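The following pair of complexes shares a single chain, subunit A, combined with subunit B in the former and subunit C in the latter.
Showing the complex of A and B:
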């Protein structure tokens, strides 16, 4: 009996090992509500373009930003007759990243969009398996460059070094300054990660420029305790707080501490769409960044161009390409427009704008013209909420 | 009565020293009444968790799955209660049930397999961390901000007072509590005295499960949304409570153990908050907390040495005196 029980417990623990670290990857059809359609394009052999399986690993859809990524990628997949496969994860250790990549490849993914991961072994593995990949410059270290430079499977790196994360931190802090905040605190992830450090740099830069006093800060992993401790010791003197985090632990901490009416709060990565709207309405949040989901469309097209044999953009040198920036939203109405026209069924870029980046769909423009188009997309004149709303409304026939 | 007050004063030396030191270092930012009240509020979850852990730790059983049980109970109870529109009362009842079942299962496995609790709990932590990943769509348990009132004053204080009362009564006025203390003091003697070791240990898991369920509800209220973790990340939430229990073992020489647990955990929370108030980095906070714990434990382990040496010296002196007297007589 004991032997049987021991075996049953061992099986249960093995099942636990299988589930630890991830959910099973999910395949998804594009959202049914998306009114996407693209002309069927054929290659020289008469075969229809598309049919590729592209993988993406990130947080589960309960995270607001992740849900936006999924919608945008589903839109692109539907547009280009491809299929997305998602791998949800919460931890970002080297082992977890390797598991994510290996699982996606084992499930037949021909290309992988990466948000993070800088192990040279990871890229070597994808090179050996003949899987295309694209990532962000946070992953493009000197060691990784030795493996990926010149590789056919390297589809390029989104340029974070242009200061996107600095701009995010700067933007939300500036929004608090505009609302009259003078004494602020911030909560951010532990130092040592470029994205986190850049965001803090942006926060501190804005505080200095707008004459705000950073009373204290917390940098670590336990955001709930960190925020609670800040509020416990400095809550009475604060009038603003910035969170370089996701989720709503800071909002909950401010509310629990009884400072919801006195401390204005800005968060870089918004909680889920529904919650952010309600937080704007109740005054629990005063500014968030938005539009930082759309760069995933760029990543998708870089990968799709390579897979489909189309002209590859930004394919010279270290293959770094400009990144569509974000913008700041500081009221409920702005957030509703953001959700509907940048993170809804249409990911802020219309089908024409997306397909204009692929030479099989738009053979009349050159590589240089397409690259100039990307630069145009990244400009502040083209990329702001009003312009985006106008273009998407036009596409949806709402004008 | 006088002795009790003196002993209580001795027990308060450590928390008072932490309070005064950091009040001075932060120039008053840390020690204000409002900040102390906020520390009380942020100590609720560690104190509830500490009470849950102390049943086992008194008997030398370390339960590293407690954090995983809290996560699982919070996530599942939120999802089930939301689906059935049961509100926070539903969350509380379901959370307690789930935590009791999960912890009791571990208690049963402990008695059957005779694996050391620390090792067993690590295995169960892996299983319980995986459960929300396997059984929920988005690995998250959420409640509305308006429903998170259990994290606010005075609800959180009411909850901890009620649970402390239960904790105190079980420990000091029930047979179970006496048996737990007896097993913790000397398991062989307790066994010889007729204490059913297996039964006591299993019931300690069961009772501990109730406390974990309550902790999960408050944890969910504090965070509003709880996302499942893996890779033993849930273990990090139990360290403040465990360190508080180590300190409680020192303070228990002067006050009731139940009071010592609360004082110990509160002291650790004060330390954590004070270091954030001083702007210390997360790495430095970890170092300082570890150093603090080492100082307390080293002092506790060696406090009797000086007294022992003095006694030996006194005995030696009195023996010398006797010898001299005998020699003079002779």
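Showing the complex of A and C:
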């Protein structure tokens, strides 16, 4: 009897949870601070451009970086009359990744932003289903190339090999060097992943150039334990630490070990916006990278160009396109500007800058001119905090 | 509560009546325990078919279900043997990763697929037998031993990846393995073999006897150590097969292969009504039904547009409910 009740209760729970929301995926939310407006563009038949569904899988929105990605993608979707579908990754096993993509496609997504994943089987599946995809060069292995090269659905690969990740590791370490650090340690993810390895390369390069001594390091998946071990064994001799991680476990570890006043800390991926501001204020963090959300806008536009039948950019050869880089923020005021003008409701690129990449919205420029525009976006003269803030303020009418 | 009119002293007829009543209740409980997981799966199928307007039972989605549950089903086939002796194991995922690494490296180096798979099986079985050895001869709890094996395997995989970088599987040379037909055939063959061995061989029955009461099993002449090695070997074999399909599906051999499989297997075992401590009530089909339930839940909720995090919450609720009401408290601790 009890077991039967348990089954009925479980079914009731499932029914209740299903009834809590609609059967349709939630619609994207309109931005609040910025009015997203774009001219209504129509195709030859007089229909409005847009109406596509684009899928994205990443950590839940409780993660700061994920929240930035969601805001940026929702902004783009609103701008182009499209819809986003999200799949929260609780686990990054190969099986879970494949499940994520398959579920997004089953839910009607016509394009997928592949933030990671190098399964030829998965790309073959997307080819067979007629789903457009774009990814990063970390996914473009020799085996994947055999499946995707020449495919209509391949919308290109963001070029991580341009050294962006190396620059990120270099930049935050250089920021510590500027603050006088000489003996540092770093915590990073396990080796074998290009992004992680490049970031460590950057850290080590900066350490060598600035005459810093890397006392010890941890590379693995248990960052909390790794950081605690480093501090327990070498805390007294360290004056700086770099984290190539998410969250704030290193900050917590430094604090718990009692080294908050003696060890300066820089992290490549900032914790959440509110926490990072607070950490800058209290001195628990000394440098972070920012602008990490902009490449997601590039990926979106590559997909949107293909879906809308517009001219496709960087569509030759391997279809690798340049990635707009990050920048370093090393004080509270800089972080506040970053949050408001690059990681808030406007993702650092204004609607004009975004739509300038689509030939249906800007028919007067050629493919070459649009590609040159992307290269311009990537330059340090154009892409730095002050310039970005000025442009976004102008768009928001705050100047 | 059993209510009987017992006058003064119990007569042989009263005793027989009590005996019959107890037997009847035991059989009824056994029938419910047997049917409950099937009823659960059926209820979920009906629920999601209704809520998705039939999309749940479409051919495309059934193929997705097969893809999504395949590796777990293969692993729980081996898991039935291991858990029949109460062998809670934390090394499952790591052993899968190491096996996948070996298969990939050898296949990429030019060795035939068959030999690469055999090598992967050897590594996988060998790794699992370390736990069996430690359990049998060093008398260490298998749970603790498995955690050591987990670290060993993980360390080996990380070391190889650190030295060689990203290791991609040569998918172009073996794409046929990822086909629906291959997966169905593999699953059917392994399930049939496993069913026959588990239910109709002396070995299978011995495993359940060990799980029920190891001392009694030893006294009755069962070769405990041999049976334990057998159970871990079968698990190792299943892990190697699952790792092959996982690495083909995933593309690269690294620690992401088998990540989270320990908990998935445990969830499947419990939801299927298989006792974690093993014993006579261990039914071969139970973990397979449990694995199917987990996959249907994840797939169905995904089709309804809910984030994966919702699926975890619901799975957690179900897990706690089922464990609380089906776990035999008289058996003692969960981890021996």
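In this text, the second predicted complex is superposed on the first by the 366 of 399 C-alpha atoms of A that agree within 3 Å, B and C clash if a C-alpha of one lies under 4 Å from a C-alpha of the other, contacts with A are read in each partner's own complex, and residues count from 1 in each chain.
Quick note on the criterion: a contact is a pair of C-beta atoms (placed from the backbone, for glycine too) under 8 Å apart; a residue touches a chain by one contact, two chains touch by 3 or more.
Being a predicted model, the structure only gives us computed values, none of them experimental.
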- prompt: Which partner does A:251 contact after superposing on A: first (subunit B), second (subunit C), both, neither?
  reply: first
Query: Which partner does A:362 contact after superposing on A: first (subunit B), second (subunit C), both, neither?
result: neither
Message: Between subunit B and subunit C, whom does A:127 touch in the aligned arrangement: first, second, both, or neither?
response: neither
- request: Based on the superposed arrangement, let me know which partner A:233 touches: subunit B (first), subunit C (second), both, or neither?
  value: first
- request: Report for A:183: first if it touches subunit B alone, second if subunit C alone, otherwise both or neither.
  value: neither
Task: Determine, under the contact definition given at the top, whether A:194 touches first (subunit B), second (subunit C), both, or neither.
output: second
Task: Pick one for A:217: touches subunit B only (first), subunit C only (second), both, or neither.
output: first
Task: May I ask you to decide whether A:60 touches subunit B, subunit C, both, or neither, giving the answer as first, second, both or neither?
output: both
Message: Going by the contact rule set out at the top, does A:284 touch subunit B (first), subunit C (second), both, or neither?
response: first
Footprint overlap on subunit A, comparing subunit B with subunit C: 2, 6, 9, 13, 15, 17-18, 21-23, 60, 88, 90-91, 93, 96, 190-191, 219-221
Task: Enumerate the contact residues on subunit C facing subunit A in the complex.
output: 32-33, 36, 39-40, 43-44, 47, 51-52, 55, 60-61, 64, 67-68, 71, 158, 161-162, 165-172, 175, 178, 246-252, 254-261, 297-299, 302-310, 312-314, 317-318, 321-322, 325-326
Field: Touching residues (chain side subunit A, partner subunit C) in the complex
entry: 2-4, 6-7, 9-11, 13-15, 17-18, 21-26, 60, 85-100, 102-103, 106-107, 117-122, 124, 141-144, 146-147, 190-194, 197, 219-221
- request: Under the touch definition given earlier, write down the residues of subunit A that touch subunit B in their complex.
  value: 2, 5-6, 9, 12-13, 15-23, 60-62, 88, 90-91, 93, 96, 190-191, 216-222, 224-226, 228-236, 247-249, 251-253, 255-258, 282, 284
Field: Residues on subunit B engaged by subunit A in the complex (per definition of touch)
entry: 26, 29-30, 32, 34-35, 38-39, 41-42, 109, 112-113, 123, 126-131, 133-134, 138-140, 142, 145, 148, 151-153, 222-225, 227-231, 233, 236, 272-274, 276-277, 279, 281-283, 285
